[in-house]
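After this come two complexes, each holding subunit A, first together with subunit B and then together with subunit C.
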Partner chain A sequence: MGASGRYLVAVSRGLDAEALSEVRAIHGSGVHMVECEGLQAIVCDVDLDEFGEEPLRGNLENLAWVEEMARAHHAAVCAVDAVATTVPMRFATIYESDDRVAEQLRVLRDPLTEALDRVEGASEWSVKAYAAPEPPEPADRPRAESGVAYLAQRREAVEARRRRESDDEEALSAFHHELARLAVASRRLQLQDPRLSGRQEPMRMNAAYLVAHHAAERFSDCATTALTGRPDLRAEVDGPWPPYSFAALELS
Partner chain B sequence: MTLETTARADAQISLVDLLDRLLGTGVVLVGDVVISLAGIDLVRVQLEALITSVRSELAPDPHGEAGSDGT
Partner chain C sequence: MTQSPMETRSSAPAYGGVGRPQPQGLADILERILDKGIVIAGDIRVNLLEIELLTVKIRLLVVSVDKAQEMGIDWWRNDPMLNSSAEQLAEENRELRARVEQLESGGTDGKG
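So, the complex of A and B:
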């Protein structure tokens, strides 16, 4: 076992230290609290042989390791988020000591407080939309007689596809705005690569919404019904999540 | 209010959804251990690694692409 560092899971406020006794983080280790300026950092000890700069770089290339750690991080964030207003940290935010963590809380008190204000009483919801799988080339289509005819066929197929995507984007942009009106904040995330998600249907929208708890039911209803006029587009609603996508600090 | 408002921590969540959030967006503090990989880069690195490993599993022919005679 090498030197230990502090893995910062989240920053909260109004958390009762008792509530942390059952929380487990990286490798199932317990967490403790570092308090400063009315803010509470939730940290756990990690081995710098695993989380120091060099080993971390190597470990990040190992998907199984990333998955195990990401799930442990997420479990701890969820446990804390369930009992107090919480700003989750990015994966693998490591400090040398509790003093260094406290120093960050002191220096970043204002933006952290703003972030906590923003997410208080709200959760993140994920809404993704998928198009129907691409129609296969019709098997009975007459074979192009010449290179020119073949190119014309290809162009036509590309154009039809472009029109479909543009129609989809228009409908989804309206859908997104309707959902955003029910949310405190919203953002569209990068579309997921089908090779990572394992989904056959093309993803057309990947968005996150920060939704007040009292509006969650209305939001979820809207997300599941608003696309009913477009049977070829399917929305999937997932939540609540801790407010990961709305935790970024606005540093002046 | 009937909807559950406590986030799920179960293993049903897909890894790609998790990484979208843990790496893709909520960039907050710069720690003492600085890794210059942006989240998206990490996902891309992993994707390349995954595809490479899947390809090698799917390629039983050791002569693979030596289809053309090259002369």
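So, the complex of A and C:
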């Protein structure tokens, strides 16, 4: 075993150290707390033979490794988020010592406090919308009589598809605004590539909402029902998540 | 009314309704922990931006298809860049091009 580093999972406040006894992070290790300026960093020890710069670069090429660590990171964030106001850190934020972690808390006290203020009493909800797969071209359509007719046929198909997409966008924009009204904050995220989502239906909306705990049920109901008038669109709601999408630092 | 495209997947909820996806999937987790969350410089400096999600996934594919399927990731099946439908597309392209040429040169397709 080589030298060890401190892997920073999340920053919290108002956390009772006892509540951390069951939290497991990287490789199932326990976590401890580094406190400074009223902020609490949740950290676990990692082996720098695995998480040092060189080995880390190599390990990030190994998806099985990334998966295991990503799930461990996420599980630890969720466990901490369940018991205190928490802002998650990006994957693989590593320091040499507890002192260095404390120093960061001191330097970043104001923006970290603002980030915690923003997410207090709320959770992230993910809403994605998918369109039904493209209808197949009718097999019995007459073949075009001429090159011009053929091209017109193709153009009409492209037009129809464009109209469908624009209709979808209008409906989803209204859907998003309706959901955003129930949320503290909202963000439309990049549509996931079908290769990432693993879905064959085209994704039309990918959004994250920061929703107050007391409004969660209303939010979820709205997300569930607001698209029922559009049988060709389907919404999927997932949550609550720790507030990953709303935990950016505003550095002055 | 045409048949619902979702009817072939009995476990999937109907369109117009809402589906609860399976427990948080790897793709959703990676999207968030690699791309979101608080970003501050650690003492260990590795630029995660160099590790694009997609790159990661393509590497996954190269490294282990079985592993990916185990994890429920099978997007490459529908990816024209990565599977045999690329050949179908290329073939369709060739046919279309030939047909346009034929029509533009005033020829017929043998039926007219």
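To be clear about the criterion, the second predicted complex is superposed on the first by the 245 of 252 C-alpha atoms of A that agree within 3 Å, B and C clash if a C-alpha of one lies under 4 Å from a C-alpha of the other, contacts with A are read in each partner's own complex, and residues count from 1 in each chain.
By our rule, a residue touches a chain if its C-beta (ideal position, glycine included) is under 8 Å from a C-beta of that chain, and two chains touch if they have at least 3 such contacts.
Everything numeric here is computed off the predicted structure, so don't read it as measured data.
Novice: In the superposition on subunit A, see if there is space for subunit B and subunit C together, and answer fit or clash.
Specialist: When both complexes are placed onto subunit A, subunit B and subunit C end up clashing with one another.
Novice: Quick one: is A:56 in contact with subunit B, with subunit C, with both, or with neither? Answer first, second, both or neither.
Specialist: A:56 contacts both subunit B and subunit C.
Novice: Output check: A:118 vs subunit B and subunit C. Expected answer is one of first, second, both, neither. What do you get?
Specialist: It touches nothing on subunit B or subunit C.
Novice: In the superposed arrangement, which partner chain does A:145 touch: subunit B (first), subunit C (second), both, or neither?
Specialist: So A:145 only meets subunit C here.
Novice: Per the contact definition in the header, classify A:13: touching subunit B only (first), subunit C only (second), both, or neither.
Specialist: Once the two structures are laid over each other on A, A:13 reaches no partner at all.
Novice: Answer with first, second, both or neither: which of subunit B and subunit C does A:231 touch in the superposed model?
Specialist: The second partner, subunit C, only.
Novice: Report for A:94: first if it touches subunit B alone, second if subunit C alone, otherwise both or neither.
Specialist: Both: A:94 reaches subunit B and subunit C.
Novice: Once the structures are superposed on A, label A:214 by its partner contacts, choosing first (subunit B), second (subunit C), both or neither.
Specialist: A:214: touches subunit B, not subunit C.
Novice: Counting only touches as set out at the top, which of subunit B and subunit C does A:67 meet: first, second, both, neither?
Specialist: Once the two structures are laid over each other on A, A:67 reaches both partners.
Novice: Check whether A:240 is in contact with subunit B, with subunit C, with both or with neither, and answer first, second, both or neither.
Specialist: In the superposition, A:240 contacts subunit B only.
Novice: Identify the overlap between the subunit B-contacting and the subunit C-contacting residues of subunit A.
Specialist: Shared contact residues on subunit A: 5, 8, 48, 51-53, 56-57, 60-61, 63, 66-67, 70-71, 73-74, 77, 87-96, 100, 104, 108, 115, 126, 189, 192-193, 195-197, 238, 241, 244-245, 247-249.
Novice: Of all residues in subunit B, which touch subunit A in the complex?
Specialist: Subunit B residues touching subunit A: 1-9, 11, 13-29, 31-35, 37, 39-40, 42-43, 45-47, 49-51.
Novice: In the complex, go through subunit A and note every residue touching subunit B.
Specialist: 5, 8, 48, 51-53, 56-57, 60-61, 63, 66-67, 70-71, 73-75, 77-79, 81-82, 87-96, 100, 104, 108, 115, 123-124, 126, 187, 189-190, 192-193, 195-197, 206, 208, 213-214, 216-217, 220, 238-249
Novice: List the residues on subunit A that touch subunit C in their complex, please.
Specialist: Within the complex, subunit A touches subunit C at residues 5, 8, 11, 48, 51-53, 56-57, 60-64, 66-67, 70-71, 73-74, 77, 87-96, 100, 104, 108, 112, 115, 126, 132-133, 135, 143-147, 150-151, 189, 192-200, 223-225, 227-238, 241, 244-245, 247-249.
Novice: Taking the complex as given, what residues does subunit C use to touch subunit A?
Specialist: Residues of subunit C touching subunit A: 2, 4-6, 13-21, 24-34, 36-40, 42-46, 48, 51, 53-54, 56-60, 63-64, 67, 71-76, 78-79, 99-100, 103-104, 109, 111-112.
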